[in-house]
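What follows is a pair of complexes built around subunit A, which joins subunit B in one and subunit C in the other.
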Partner chain A sequence: MNKPIEEPAVHTLTMDGQEVTFHDGETLYEISRRRGAEVPTLCYDDRLDPFGGCRLCVVQIEGMRNPVASCTTMATPDMVVHTRTDAIERHRKTLVEMVVSENPAANIDTLRGSASQELTQLRTRYGVDGTRFAGKTSGTSKKDDTNPFIFRDYDQCISCYRCVRVCAEQEGDYAISVMNRGFATQITTEFDLRLEDSAACTFCGQCVQTCPTGALGDAKAMRAETIDAPLKATRSVCPYCGVGCSVDLMSKGDKLVGIRPARDGGANEGALCVKGQFAFDFVQHPERLRTPLVRDGDTLREATWDEALDRAAAGFEKARREHGTHSTYAVASGRAPHESTYALQKFIRAGFGTNWIDNCSRA
Partner chain B sequence: MSNPLRDMEKPDVIFAIGTNMTECHPVAATRLKKAVRRGAKMIVADPRRITLAEMADVYLPLRVGTDVALLLGMAHVIAREGLVDESFVAARTENIEAFLEHVRQFDPDWAESICGVPAADIEKAALLYGRAERGAIYYTLGITEHICGVDNVQSLSNLALMTGNVGREGTGINPMRGQNNIQGAGDAGGLPNNFVGFQPVTDPANAARFSEAYGREIEPIKGITKVRALERAADGELAAMIICGENTVVSDPDRHHCEKALSKLDHLVVIDLFRTETAEFADVVLPASAWAETDGVFTNTERRIQRVRAAVPPQGEAKPEWWIIGQIAKRMDIPGFDWSSAADVFNELCSLSPIYAGVDWDKAGEAKYHWPVPEKGHPGTPRLHEDEFPSANGKGKFMLVGYRDPAEVVSEEFPVWLTTGRRLQHYHTRTMTGRAGMHYFVPEETLEVHPDDVSAWGLTDGGWCRMSGTRGSVEIRVEANDRSPRGTVFCSFSFGDTPVNLLTGAGYDPITDTAELKVCPVKIEPAAARANPS
Partner chain C sequence: MTTPTDDELIERWRGEPAPLLPLLHALHDRDGYLSDDALRHVAKGLRIPIADLFGTVTFYHHFSRKPPGKSLPRVCDGPVCRMRGADNLLHALDGATTMPCAGRCDAPIPVLRGDEVLIGTRADNLAVTPSPLPPPHPGDGAECVFGQIRTPGRATLAGYRETDGYVALQRVRTQMSAAEVVALVNESGLAGRGGAGFPTGRKWQAVADAPGTPKTIVCNADEGEPGCFKDRVLMDYDPHALVEGMAIAAYATGATRGFIYLRYEYPDTERILQAAIDEANAAGLLEGFALYVRRGAGAYVCGEETSLLNSLEGKHPFPRNRPPYPVTHGFEDRPTAVNNVETLCAVAPIVRHGANWYRDLGLGEHAGTKVISLSGDIARPGNYEVPIGLPLSTLLHEWAGGPGQGRTVQAVTMAGLSGGFIAGDDLDQVTLDEPSLRSKQSFLGAGGIMVFDDTRDMVAVSREAMEFFAHESCGKCFPCRIGTQRLTERLTPAGGPADAATWRAEVVDIGDAMKATSACGLGVAAPLITDSLLRYFPDQVTRHIAGSES
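Let's turn to the complex of A and B:
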């Protein structure tokens, strides 16, 4: 039978002069975040195993000589931690300068992805313009990668490995791997192919949404860069399968421009698949029905709502009058929201007194 | 699902049967992958060597339609090895003696003779699942789209009951629902046998309550299923139909029959986003507002009630379906359609559904309630059957199930098994994905044929073949691929220009009327290129 899972023990430490409680297994970064201390990160994604690559999240622990990366350091009882000393902030600024020097100053549109502004924000926070260590840059753009979904601009890549790790740890797909080291580092798909030639890549878009620099971008959303309207996010649910992933519908004015996974979505916790991430443009497709249609002999012609609704109602009344209550059947949709099916079943039950309704689950 | 999605990371043994999860429920599959990476063992049963099979510890490549035989063989081994969870069985179930007696006759050698899986692998799978601390079963339409769909589900339930793998974290019998709101369509009363909240229409108390609520006497008699309604229509015994957002002509089996049925109606009203193949048969086509344009509620496969929201205005004059249906009803003087918002409609639903009694429009917005939510203040029920089962005495009953052949079996004339399914990038009849750039990945349908069969049948990889069954034939491009075993071929039903549903539809489950879409005997011959390939 079920053993209750033991509550981890609670301890205390001191962070920025305040006593804080924590559980076994928490990192210093997790504690700092819980407290709202703004410790900067670049290689961190809370869904992924701690990596400790960028060292921006360093903190000073009293009694230790060197600062430590807070995202990989477990809290221990009675530690005394400082997250924001002058020395640490200077150190962080230098790190940001080095990172930025690898990357041409660029205006990264937020349409590229959920995390795409992280580096830009750090540039602003530390007032870094990229001239201090100007010189070699790593990575080269994959200009030949013409797939319409994932934009790749490796000039912006800072080798934080978040894309690689999200692919392996979250998706279990291992489609992206890392070749070479140091300045020759380049994030690459298996065998350095185009993404669509990689058997493992399913185009779930997770790498795009975790990239902190915009080196990977949502190519579909980026088509809307020229639309001059604020970007709005509306929480909803994916329209495809029964997993019911939470998404943010990204719109500019009246245009649906893209989809983002909701990190706090109960069903998906930030994940999406190719359909949920990219298959949204049916909504504003030119072939959408825009007016009611009614039959005129062999053809369907456009009609006003009044005419079409009158025709629809008259047909059902005639059926009921001439053939009784068992004359009419309704088929509900497994895609439409509850309100659609509820209204339809009520139409049959209240209008005909039968239970002649079904949905499409049998086929 | 009996258990929430987050439980998918918790089992120590996973049994996935008839579910091509990495393509059909990809995000759920990532949770299984995580469980496997953390050391969970996985058993995968599927006629095709799907991606999950590649990750499995035990892969059971059963012949299409033989799930019951495989599961009987597994139950036999679990019983023989003394792996029955005695205390669970005693406390929570009934009919175990008869069940143990029943399975004694079905040893793995017998099962092998039917399902084709080596007896040794059946033993291995049974021992793994039988010894699990937390064993979880996942299935989809590979289990239900058979004439024996109910038998298949009951066989799985027997396995879970005998090993006590229900009602706890990381266990359960978990059907993955296919469409985004197919669960909600049932919840909202879109069923011939149930009012909202799965309240049987045949219970006089329910009939009385809804007659009162809806202001009209409702007969306490089950309605017919859609399959039977289409039959009646084809026989000229149905006058009118209203179809909401379903491309019946392409999605349902036996396309010729379906087209005949729809064209015989006096009156067909279709509500949809697009002018679908089905809309072409309509007298009136009404444009619905789409996802992202419509406020509403969906319930997912783990029974989580979630809000969908409008982000952009509807295209043209499109309107929400509840409004459209309400307008028709008002014109017919049917009372009770004076809603002014989706919230009004949903709140009315909640007021009539015991499993939604504790939620309303605002609570649905929190996206955290799993039904049943029997009263206000109730936290919801992520995990079912923790204390009892939904039967009269609260016990889980072992059912005695026997193997039956599919409705049609291979013959000299039709020697090949066709099984149908879905593809990652497409969805149903592609009314949506076909208009969202997904043809970039899968521009046309192909028939998956084992490379040895490709040469044995005189086909060429990338060339065309003609596939015929008793009801019709289609031309389709050949894709040599060893995912399907020899003698079995696979394709999806997503492409209207490759109407595989001309072939399927031999039979239906006697209880649910679910079509046997997973099994269809066919013959395959080389063909010249199709005149008008897509």
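Let's turn to the complex of A and C:
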């Protein structure tokens, strides 16, 4: 018999004057978000271990001298928490002014990535015009990194390390890390090599999609910055393999301009591989096949599906007649889901009478 | 002797605890720098992602990435050394670069060349000189950690034993339970002498109670605070007192291994400590307790205990989020007591003389003593073991001879640099204990006090202090990473807004956000410099801003 699932213990605390229930292991930030408290943050990504770097999510706990970062503070019973005091809002505004001051002003197109507007939104929320705390800037763009996928505009980097952490914790690649320290901190690969020269980067693009400032940009999507049309997202499923990653197809007018992993996708939770993320140019490629082709002598010509299928059936028939039952061998595509793969083996075993069936994922 | 290969060095260290730093040092010592090839081999040998290893190596300013690297001179540009002409020395030495305060403020200026510390003020008078002993004790009461330090030969096992060495360890092991040791330390009132002031007995109790083994004692000997050089003299002249203190701590907590995390700038001290450990091991004094020295590589933040633990573990030395605390999740996530050198050195005398003896060394309601590293514009700089609660003016004028002839004390720093300045009437009012100093928005911390007489430009001193904090900010949290940079710029001539009110508002707002929201003590403490500058020296600030306009 299955053991009943143990419900985690439920406790209560007070947040912004209201009693709130929570489970063991919940952080104050998670609770505040659940309540819709809109605590600001720049270094938080709910898929990653809490980091506590940006300090924007600080909250005041009664009885404690200093505010604490809510993302790294576990809730404990009977805490009395204030997410939005005058003092805390003042510090948050100062922090946003400070972080805005470290980079040159720029308009960050939303095409750069899913999270690219987070800093811009906080600027608006706190009315930060970018004139305070002027001084040296901190980032160094990697203009020589000309890979076709990931635009590395570190002039806009705010050292939240979400890219580094998503690469390590989600993708398991450890392709990027933190170089130097303090204000001289930079995001780097081993020996500061270009991404394509690093042994570990797979160009999955997860660093791009978690970047809150557009310092990392989707270079393929950014080609469409000049198209004057609203950006639209259409939920779909990645066609590349059988995992079934949810994606948002990003389009402007009738043009597909980019792919974004769906954070709420059950199979991928915001992850994609290089193919799903970046390999979509075939969709609107002028040489893309649009109808079946059949061969007449040395030339291929367009045909109807009926004609093409008849041709294929005739070919199979001929092979069987001349070379026997086991002259046919089928390999199912790794891109196909279970159901299609099942149908193919049925087709080969029942239809052709042979067990010569395999799957490319085995190769 | 043949030069060891990368693989041989990796084999030598791979099975040791906390292997990354000693392995990197072995390669750095061999080649003078850390080559790409060597790092690739280390990454493979210790199974560390190469990008992570590269990033971590760049964190430490003493690891050179190109030849000749290690052999080039590093000249201390701490506040006191700057007053003594560090800039001239820097320019007189070929290929020299600066390093932050290297802990020789009582005998400036240290120049680190390879594994030698040379002392001098000009290129032609540099010489290897042992660190100065504490001056003869000027006070009436007894000393604790300095009680026997001036006895010749104390650094050897034989000398140490002649002056009651290892009596306390013997007594603890044969006559006391672990709980009794913890209770004794609790009664004595001993608290963290690295600056945090956490009660030592309670820390040990927490480690003893925490589930999980092996347990670890870590001695924080990463004395990086500018103006602090007390741990150096304790380790140089009384290394067995530290070893004995750690062995007692191990007994009290159930720890079976220990590390001394020593700052890079003390190469002589490393040799002295290793010799003492070897002697103690040979005499069978450390059975069941494996004690290792691990040398840092130049990072002030590694004096923060959780950064230190990350550094020991070979990780990027960012501070960790707390809770959990090291007492339950310390080195390799196991229960760990991190104690300062001075704290551990006080343990054996407390066991020998009793809790009340130690407690009564303090004045009034204060328990025990604190070593103050005193330097700068003062007649007799050096390490003084003061009773906690001693008036600052007594230390400055009666014990240490006051400022130079015809000069007055304009300001002193507290906690090295981290406590900001004490100046004006407060110089005559404060006593050397946390309640008194906290009431002046400062703190005693690790006990470094630098004296600045009335000729000094306090804005310039503040800028140098903030440059240090900016140089050492780890880069993890926004307020410290950006704030130390912005404050440095505003303290620089022609830096920051030209309008005085705007300048002040920016400096105050940055400081307030840093104090309230920084992730560790570095960012919380750094703005005490600007706070106290604005409080005590508004006229110098006004002149600084006015000068910025021209």
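What we mean here is this: the second predicted complex is superposed on the first by the 283 of 363 C-alpha atoms of A that agree within 3 Å, B and C clash if a C-alpha of one lies under 4 Å from a C-alpha of the other, contacts with A are read in each partner's own complex, and residues count from 1 in each chain.
By our rule, a contact is a pair of C-beta atoms (placed from the backbone, for glycine too) under 8 Å apart; a residue touches a chain by one contact, two chains touch by 3 or more.
Since the structure is predicted, the reported quantities are computational estimates derived from the model, not experimental observations.
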In the overlay, answer first, second, both or neither for which of subunit B and subunit C A:Cys273 touches.
first
With both complexes overlaid on chain A, does A:Thr27 touch subunit B (first), subunit C (second), both or neither?
neither
In the superposed arrangement, which partner chain does A:Met74 touch: subunit B (first), subunit C (second), both, or neither?
second
Taking the superposition as given, does A:Val99 touch the first partner, subunit B, the second, subunit C, both, or neither?
second
Chosen between subunit B and subunit C, the partner touching more subunit A residues is B
Determine, under the contact definition given at the top, whether A:Thr41 touches first (subunit B), second (subunit C), both, or neither.
neither
Once the shared chain is lined up, is A:Leu289 touching subunit B (first), subunit C (second), both, or neither of them?
first
Of all the subunit A residues, which ones make contact with subunit B and with subunit C?
none
Per the contact definition, I'd like the list of subunit C residues that touch subunit A in the complex.
36, 39, 49-56, 58-59, 299, 301, 316, 321, 323, 470-486, 489, 495-497, 506, 509-510, 512-513, 515-519, 524
Subunit C-touching residues of subunit A, taken from the complex the two chains share
42, 50-56, 58, 66-67, 69, 72, 74, 87, 90-91, 94-95, 98-99, 101-102, 132-136, 138, 158-159, 168, 174-185, 188-192, 198-200
Would you mind writing out the residues of subunit A in touch with subunit B in their complex?
1-2, 147-149, 169-172, 196, 202-204, 220, 232, 234-246, 249, 251, 254-256, 265-268, 271-276, 278-285, 287-295, 300, 305, 308-319, 322-323, 327-347, 349-351, 353-363
